[in-house]
Amino acid sequence: MRDIAFKDITIVFEKEELGLEAPILLEGLPGVGNVGKLAAEHLVSEVKAEKFASIFSKYFPPQVMVEENGIARLVSNELFFHKKTGAEKHDLIVLVGDYQGLTPEGQFLLSGAMIELARRYNVSKVITLGGFGVGHMVEEPRVLGAASDLKTVEELREIGVTFTRGEPGSGIVGASGLLLAFAQLSGIPGACLMGETSGYFVDPASARALLRKLQAILGATIDLSKLDEKASQIDKITSKLRELEQVEEKASSEDLRYIG
Amino acid sequence: MRDIAFKDITIVFEKEELGLEAPILLEGLPGVGNVGKLAAEHLVSEVKAEKFASIFSKYFPPQVMVEENGIARLVSNELFFHKKTGAEKHDLIVLVGDYQGLTPEGQFLLSGAMIELARRYNVSKVITLGGFGVGHMVEEPRVLGAASDLKTVEELREIGVTFTRGEPGSGIVGASGLLLAFAQLSGIPGACLMGETSGYFVDPASARALLRKLQAILGATIDLSKLDEKASQIDKITSKLRELEQVEEKASSEDLRYIG
Amino acid sequence: MRDIAFKDITIVFEKEELGLEAPILLEGLPGVGNVGKLAAEHLVSEVKAEKFASIFSKYFPPQVMVEENGIARLVSNELFFHKKTGAEKHDLIVLVGDYQGLTPEGQFLLSGAMIELARRYNVSKVITLGGFGVGHMVEEPRVLGAASDLKTVEELREIGVTFTRGEPGSGIVGASGLLLAFAQLSGIPGACLMGETSGYFVDPASARALLRKLQAILGATIDLSKLDEKASQIDKITSKLRELEQVEEKASSEDLRYIG
Amino acid sequence: MRDIAFKDITIVFEKEELGLEAPILLEGLPGVGNVGKLAAEHLVSEVKAEKFASIFSKYFPPQVMVEENGIARLVSNELFFHKKTGAEKHDLIVLVGDYQGLTPEGQFLLSGAMIELARRYNVSKVITLGGFGVGHMVEEPRVLGAASDLKTVEELREIGVTFTRGEPGSGIVGASGLLLAFAQLSGIPGACLMGETSGYFVDPASARALLRKLQAILGATIDLSKLDEKASQIDKITSKLRELEQVEEKASSEDLRYIG
């Protein structure tokens, strides 16, 4: 690896020939409620997907992470692959990572590089995963969708993905939007699945809702128990925080009365 | 379309040979009061101009819009054309879109690309449309002008465009200014028409004032009734808001007295 | 001029062969108190220097100015030249303009382009003009200096330029600093002259102090009466403002007492 | 030096052939508590390292420093070298300077250029120096570490460098992180040593702790008495400030009582 030039975007392959058949490209990078990231990382872990490439870029923060053993690691995005087994219907490439591009330019160029790579691996569909922030607590998170074409809209509607006029009203920002759009412009069908979330917390419950839809699409059985645990931990924390808020609000309104 | 490279600026043509004769290039991108955008989009709709190209760029936000049917669409600028009919005096190319370039650099490079395209289509004049924010409600919006040369100033003054010393005092920022300046430097006459507006709201009344001047320039008859409707809707909303403000101001001054 | 490409930096020459002999390059772009800009523009006007080039760049704001006659003009920097007459000791090139580069990168590349041009015209010295903001009103503005080499320091000290340890403590930011440094690195002697100023207002009195030093350097007689007028106008305005401030401060302290 | 092009990154060599044997590259640029910068500059001064190159870049601020004699100097990074003498175990290249790159892009490209240079000089190890801000006063600053590989972790642990799970939790930002990561990706072992510091002040005591570890690594004897002086000066200043704070806090709580 002595010939890496640290320029705009560098993809370092551990393995280049993957032997995949028209794989689906899944994306789950950090975003609202980290919903997409949680779902994609859970999938990678449960299907035991194999890492085949790291993406380094000047569009990520100039930062290294330090692992528990003291080893430094440059922030990156990572690519995993998985060949279908059993009842599974699709080979997979999964894009996860520490960060999205920091600037609009970085977002465009990183997503462009990714779609170039998708073509090279003959990707048959691009599915991006994200959160849809609604600004209030959500009991039963819906999964909202946007797609490259009407056929894909129909397929997703059949498995219970919600397509509502005006949601998401402000469109989809970042990698989940761009990868879908670049796939569309390249003639690759694609969709973005967005788990409803308050947007205030990391939201494993919303990620779980996403994964249920992915199971239907992929024909895969994914053990969700670890996400269930995380979801109930978050539930406990948010309950505590809400109690504290109520105490504070009461105190603060008393203060105001006192000043008045 | 499989060969699109998602780099700085990409123009995707649906039709390249337009058969236009020395067309006028009109620009109406988002800006103060969205006056230019409203006017240009109304014109496109009323003369049934045909879309011939989309402009994608890393200088726009990294965002997709989601249409009502659930279909995603990368944010873009769009180019329409219209061949003159009846009493109309000029063929038209119209530039509209979701956003202007996000950065100064983006603004410069997008406008540069557009003037390159204008030369290729042998554009005879560039007219950019914008709003001129005055910071207070306007009853009868004037249309202010700036032009590439004295001859164009005189032509516009004859149809009632206002040229006043010191307006706009701070110059013209963004695509409306740059396209005019780049046309001027390329030897293409040009003008910027600015509809007076408060700048607080989307302003169809100001767009209507712009279109009346455009009718005179183009010799076109444009039905303005849809803009009239929008203008009266906005009128109702702003009246409501002003009532609310007065109520709040009253309440707030009472509060202060109470604290005192 | 139909072949201008609107890229990073474009220099449009009205005249290229200037017939100058080892000219001095003077810079006076906007900055603290606009001291350098005022001084350079006054010099250009008084010696009737001739414009020979305009500099356009994506590193300036995306903006056009509108002249009093309604004509638009892309923001730019401008280059003037002047051949010595009478007792004058040096031919001159003067750089003035609407803006400095907006970003650090723009600053570097614009100054780099300017020093390239300086070499082409065989410039013998670079003198940059700026303000030195001290944050309080100044009765008799000093002229502070920084130079490329000790010989130039000595020459300037002889005509009364101040070199004090620790002033300017934070160095010199922007074109005045970079042009001096790039000249220095290119083997061209140079200096930055900084007129002391409050930094709160446009400061013609400080510009006048700069010009007195320039007269000594250039052997030129420059009529300063127009600057004297501007300086007394600013004096009147600032006196008014200080009165108003005192009234407001009194009122505000009374208010506080009232609330207390 | 008349052929310098002021582009992205320019390295101006005063001496290119250094005759070093597999040197260690040490980095100490400004950062938290300026700990790394203080340590590296102290080392340069104590071992009488010789300057061999200056790095100029559009990624640094557009600024010149003015030396005490009135001479201007473009902000830069500087490279020194030192050939081992006596008991010293390693030849050294030391990177110090006025600033780190201003933007993420600048950080990446500057560090990339530096690792390219490290390869050219056959650098055998990269050690970056920084501060680890803890947000409270520190009596006995620890030295925390991160490394490219487990062997280096072990070597550092043996001389008392701390490797704790979760410290630094947010990773290492800037040149200290990137140089380590780029070395790692290039097959050069490396480490980052971070002196614990409050982060509120320039911290010579933390720099001293770093230098003690460097002595062990390099087999060098470094006189720390000048740092001892600086440390006790800072101690006095911070004690004063804490007294003042307590006075102010008391006054302010009295004020509040008064308002209540």
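Chains here go by letter, A, B, C and D, matching the order in which they are written, and residues are numbered from 1 within each.
In this text, a residue touches a chain if its C-beta (ideal position, glycine included) is under 8 Å from a C-beta of that chain, and two chains touch if they have at least 3 such contacts.
Nothing here was measured: the structure is a model prediction, and the numbers come from that model.
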As a multiple of 5 degrees, what angle does the CA superposition of chain C onto its copy chain D give? 90
Same or different, please, for the chain A to chain D contact, judged on whether over half of the interface numbers appear on both copies. different
For chain B and chain C, what's the span in angstrom between their mean Cα positions? 37
I'd like to verify one number: the distance from the centre of chain A to the centre of chain C, where each centre is the average of its C-alpha atoms, in whole angstrom. 52
Where does chain D touch two or more other chains at once, residue-wise? none
Go through the chains and record each pair that touches. A-B, A-D, B-C, C-D
In the complex with chain B, residue positions of chain A that touch it: 101, 104-105, 107-109, 111-112, 115, 119, 145-150, 153, 163, 165-168, 171-175, 177-178, 180-182, 184-187, 190, 192, 260
For the chain D and chain C complex, residues of the former touching the latter: 1-2, 4-7, 12, 56-66, 68-75, 102, 259
